[in-house]
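In what comes next, subunit A is part of two complexes: it sits with subunit B in the first one and with subunit C in the second one.
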Partner chain A sequence: MNNAQVEIQLIASLVAIACAIPGTFLVLRKMAMISDAISHSILPGIVIGFFITQDLNSPILILLAALTGIITVVLVEYIQKTGLVKEDTAIGLVFPILFSIGVIMIAKNANDVHLDIDAVLLGELAFTPFDRLIWFGTDVGPKSLWLIGGILVLTLVLLFAFFKELKVSTFDEGLSASLGFSPILIHYGLMSVSSVTTVGAFEAVGAILVVALMIAPAASAYLLTTNLKKMLLLAVGFGVFSAISGYWLAHTLDASIAGSITTMLGLVFLLVYLFAPSKGVIAVLYREKQQRTEVSLLTFLLHLKNHDELEERHVNHLREHINWQKVRAKSVLDLALKNNMIVINKNIVSLTEKGNTFTTKAIDYIITNKDAQIEDMKDDFFLFRG
Partner chain B sequence: MNFTDYTFLVIAIGTAILGAVCGMLGSFAVLRKQSLLGDAISHAALPGIAIAFLITGAKESNVLLLGALISGLVGTFWIRGIITKTHLKSDTALGLILSLFFGFGMLLLTFIQKQPNANQAGLDKYLFGQAATLLIADVYLMAIVTGLCLFVLLLFWKEFKILLFDADYTKTLGFNTKFIDVLITSFIVLAIVLGLQTVGVVLMSAMLLAPAAAARQWTNSLSTMVILAAVFGAFSGVFGTVISASQNNLSTGPVIVIVAGVFVLVSFVFSPSRGLLFKQIRFMKNRRDLELYKTLSFMHHIAETHEDISHPHSIKLLNNFQGFTRKTLQELEEKNYITISGLNWSLTPEGFEKASNLYNQNFKDE
Partner chain C sequence: MSNPIAIKVDDLTVAYNYKPVLWDIDLEIPEGVLMAIVGPNGAGKSTLIKSILGILKPIAGSVSIYGKPYKKQRDLVAYVPQKGSVDWDFPTTALDVVTMGTYGALGWIKRPGQKEKKAALEALEKVGMLPFKGRQISQLSGGQQQRIFLARALVQNASIYFMDEPFQGVDATTEIAIINILKELRKAGKTVVVVHHDLQTVPEYFDWVTFLNVKKIATGAVKDIFNDDNLTKTYGINFKVSVNK
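Moving on to the complex of A and B:
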């Protein structure tokens, strides 16, 4: 690994961390698509800033672009407030139009601007180490490293200073307002941080991939934990892992670094989506199947309890009567047998003592439907074991 | 630029058809609150284009668009999966699929660009669209798909409409809501994919939304809205193409989007029933009426203490009351509620009647 490679990975990791923090709150506040809107609509701000400063790393440009991001948020909220269209339509209208204005501005001034649309979409992470910051004649590192580092420090300071306020207002806006934290102030604070981060990350990873770095780590983390601190840490971890592994993927394939980082984020999300212990798709499907069997079992036991006639309890009749498929009937029967709920005698099914009390309890629960009663039932009634 | 030129006509007809079909289906997306789904789908189509190229090595738009269709559908159904199977919300699901698919698509595109294959140039036109590359065959394809959309739309009009406004009721009536839902979503995906070549991945969602959002402001009837949206879409397409063709260096996509944006802006401001301008005018009129009635009720208050309700009072009496101006007095006189003679005013019986029933909810006005 040479020096430039280390620097690229360092920048990518810092971008990932700086994005993951506001991203976590955006996902929790159901505002993920706002980050998409901001990342597109800062383009005209960047182009205008570039005309003025001629330097992509200038602080003025960053402020101008971040301002465009906040204007987007305000505009979306204004359109929404007029009631002419719904919120999602408002977002979907504002950012493509602002983005189009930016694209046209770039296209019309293609000769004077060293800014092309590919860079806008993809960023130029590979070139960042070549733009050095010279301070009192000494080379102190790439400009973007300082830029994104500064933004990250700012984000962290704000996060630690206002963690409590952010947490409360994210989960209970009414409570936070009654405690005296202005939800509007926190809302716009978060929007400003997201906007600044998006602009800072823009050069490195491009407009649309900023969105991936904000949402994907947070969404993956959200599937694994319900604790805010753990979620933040996990999101940061996923972000950094994807940034570094994505760099090496790009190195191997000789393709866009930003694209590879996103692909790694996608893989991480896919794995978490499928295999997360309690919220992953496989776990959910398994639980749904389990619950279906348990409900069937309960129906079956109730049927037995309600019928004393022999013909109603014949093995073959049960299948016709409750209208189960063969396989399902067998699995339910096996489950009941295994739990000593029933005995089968000459193809006649009858409840055991245990099965009888269990069914009575279950009916009690279904009729009264009180949570207090589940507590002591949880041990023997596996439907409620979570 | 010659506007009767064959190539230009092909492109103009193509963008007009595209705008129309997008407007038509976009109406459903907007009303179903699926506006951002279009954005997600159009981005999700990118890897499909790249994979189709990698597999076939062909650059025929039909093959690439088929790839885009498949990957757009995969994206759509993954979004549904995320929303139904996990506790992640729809905005997160949309943002995820949008950015992850797009990033993967960009990875593939840059990978393709590095391949020793001279045929790869031009795939990036799918990012922002290049209407100039439309061929007559593409226009035929668009026309066929539009015809198909129209046919399905008319065939299932009743089902689409009822699902749109009351999904639960539709279910109780025994319609297969899942099928209708999948059908309409698939057609939205189809329309988006169709537009990728002209408008591009990044801006396709606006093409879908803008005409529909504009049309929504002018009507409350679904059929009128769909037709209006189609017309707005077609005009945005043609105007956008004309403008972008008359200038150098202009991708068609952004120009069409801005033209459509102008339609939206005009509709937002000038629509008679919902527009901001007329809303403001109505608001101001209401406020003036309110002040007028306030003055009238104040006069009534004074007149009440006299036996003769038409007894003249000095205008000066109204001085400690904020709501009155020369103009409001004139207006009250015009409405025949008061008469003014010199510096005095007096309530007419009509004005007295009106004022005493001003706060009476049971009294029917006019």
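Moving on to the complex of A and C:
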């Protein structure tokens, strides 16, 4: 690896971390769309900032563009507040307009502005190592690295300082307000950090990837954990992993780095979505199948409990009587046997002591829904979870 | 009643998008009562509580807690929002949610420590939820979630408690457990204000009641004003509740 390669991966990783942190809270607040809006509507801010400063890495440009992001949020909330349209409609109204103003400004001033639409959408990660920061005559590294590093430090400081406030206002706005932690203040704080991060990351990775880096790692992490701190760490981990593996994917395929990183983000999400242990698609389908079997089991046990007659409890009769197909009947019988709920003696099925108690308890639960008593059953039976 | 006034609401009008949902409410709640707010859906019960707590800005009127604005009296007040107002899939545990009750006393930036954790565990114990402290909140039943919310209010160690429909979606056992804790709070001299739906249980659970439907219909002791006349005025239809006195 040469120096430029290391620098590109470092920048991509820092961008990923800086995006994953506000992204986690945006996902939890169900505000993924707002990051899309911000990432597009900062464009006119960037163009105006560029006219003024002639430097894409200038802090003034960052602030101007971030301000456009905040204005977007305010506009969206204002339109929404009139009660005439829903939030997603308001977002859909605001950002395309601001984005197209930016596009027109670039097109009209193509000669003066060294920006083009491709770069806006996908960024120029490959070129970031060439724009160096020279300090007192020494080369201290790419400007982008310093810029995004600075934003990341700021984000981390704010995260550590206001973690508790972010958590409570995200989970329970009403409580947060009543305790004196203004949800509006925290909301705009988060929007400001998201805007600044978006602008800082924009030049390196473009409008599309910024959104992907904010939302995809957090959405993947959300499916894997029930702990906010772990969710943040996982989101950061997924972001960095996608950044570095995406870089090498691009290297191998000789393709766009930003595009490859986005592909990796999508892939990570897809895998998590399918295979996450409790919230993944496969786990959910499996659980539903289990539940179906358990309901059958309960029906079956109840039938046994209600009938003393031998013919009602004959293995073959059960099949006809409860009207199950062979496979279903067999899997239910097996499950009941495995759990020592029944004994089969000369093809006659009877409830065991355990089966009897279980059936009584379970029916009781379903009728009264008193949850405390069935705590010990929850581990064995999906039916009583959730 | 000779008790001091804990909560005073003067000429309160609150609107969403310029459409008033509370009109000119005057209300005095004496210290030490266990009060039900009753009224049909959309009557503005939640809105009234949120306005008292400064969560919503009224377009007119004022609110005071022991004679001072809410902002100055936050330490005295605990709030349990409607259960449906939060996302129970949020990645957090029962213990963590209860610990949030200590955040107000901590103020900005400062993090909860051992002392706060201990207080949260004690509150969990009080509502019978200690065995579930580590459980993710979406894995709790409706009744258990409501108990967690109650524990979070208890940990605030307040003088005034506001609870928005604490019996919503809870089983009979939990309802009794919750009302017993609320009665204990009253015994300790606290003021408890509860948005309540089940009119049958009002006389049994509460000693004070406010009828609300956009306007205040009546407020006072249950034994004096909980009658068919006020119920009819509040709910609009002819009401016959068999009130066992």
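Everything that follows uses one rule, which is that the second predicted complex is superposed on the first by the 339 of 386 C-alpha atoms of A that agree within 3 Å, B and C clash if a C-alpha of one lies under 4 Å from a C-alpha of the other, contacts with A are read in each partner's own complex, and residues count from 1 in each chain.
By definition in this document, contacts are C-beta pairs under 8 Å (C-beta built on N, C-alpha and C of every residue); 3 or more make two chains touch, one makes a residue touch a chain.
Here the structure is a predicted model, which is why all the values come from computation and not from measurement.
In the model built by aligning both structures on subunit A, subunit B fits alongside subunit C without clashing.
After superposition on chain A, the vertex angle at the CA centre of subunit A, spanning the CA centres of subunit B and subunit C, is 80 degrees to the nearest 10.
More residues of subunit A lie in touch with B than with the remaining chain of the pair subunit B and subunit C. Contacts of A:Phe163 after superposition on the shared chain: subunit C is touched, whereas subunit B is not. Of the two partner chains, subunit C is the only one that A:Met231 touches; subunit B does not reach it.
Once chain A of one complex is fitted onto chain A of the other, the partner contacts of A:Leu175 are limited to subunit C, with no touch recorded for subunit B. Of the two partner chains, neither subunit B nor subunit C is touched by A:Thr68. Shared-chain residue A:Thr82: touches subunit B and subunit C both. Applying the stated contact rule after C-alpha superposition, one finds that A:Ile215 touches subunit B and leaves subunit C untouched. Taking every C-alpha of subunit B against every C-alpha of subunit C after the fit on chain A, the minimum distance is 7 Å.
The intersection of subunit A residues touching subunit B with those touching subunit C, taken from the two complexes, comprises 30, 82, 222.
Residue ranges of subunit A in contact with subunit B, taken from their complex: 27, 30-33, 35-36, 40, 79, 82, 84-86, 88-89, 91-93, 96-97, 99-101, 103-104, 107-108, 110, 117-118, 121-122, 208-209, 211-212, 214-216, 218-219, 222-223, 250, 253-256, 258-263, 265-266, 269, 273, 279-281, 284-285. Residue ranges of subunit B in contact with subunit A, taken from their complex: 30, 33-36, 38-39, 43, 81-82, 85-89, 91-92, 94-96, 98-111, 114, 124, 127-128, 202-203, 205-206, 209-210, 213, 216-217, 247, 249-251, 253-255, 257-258, 261, 264, 268, 274, 276.
Across the complex, subunit C is touched by residues 28, 30, 81-83, 161-165, 167-168, 170-175, 177-181, 222, 225-228, 230-231, 368-372, 375, 385-386 of subunit A.
The touching residues of subunit C, counted against subunit A in their complex, run 17, 50, 53-55, 71, 74, 77, 79, 81, 85-87, 90-93, 97, 100, 103-104, 106-109, 111-112, 131, 136, 138-139, 141, 143-144, 152, 171-173.
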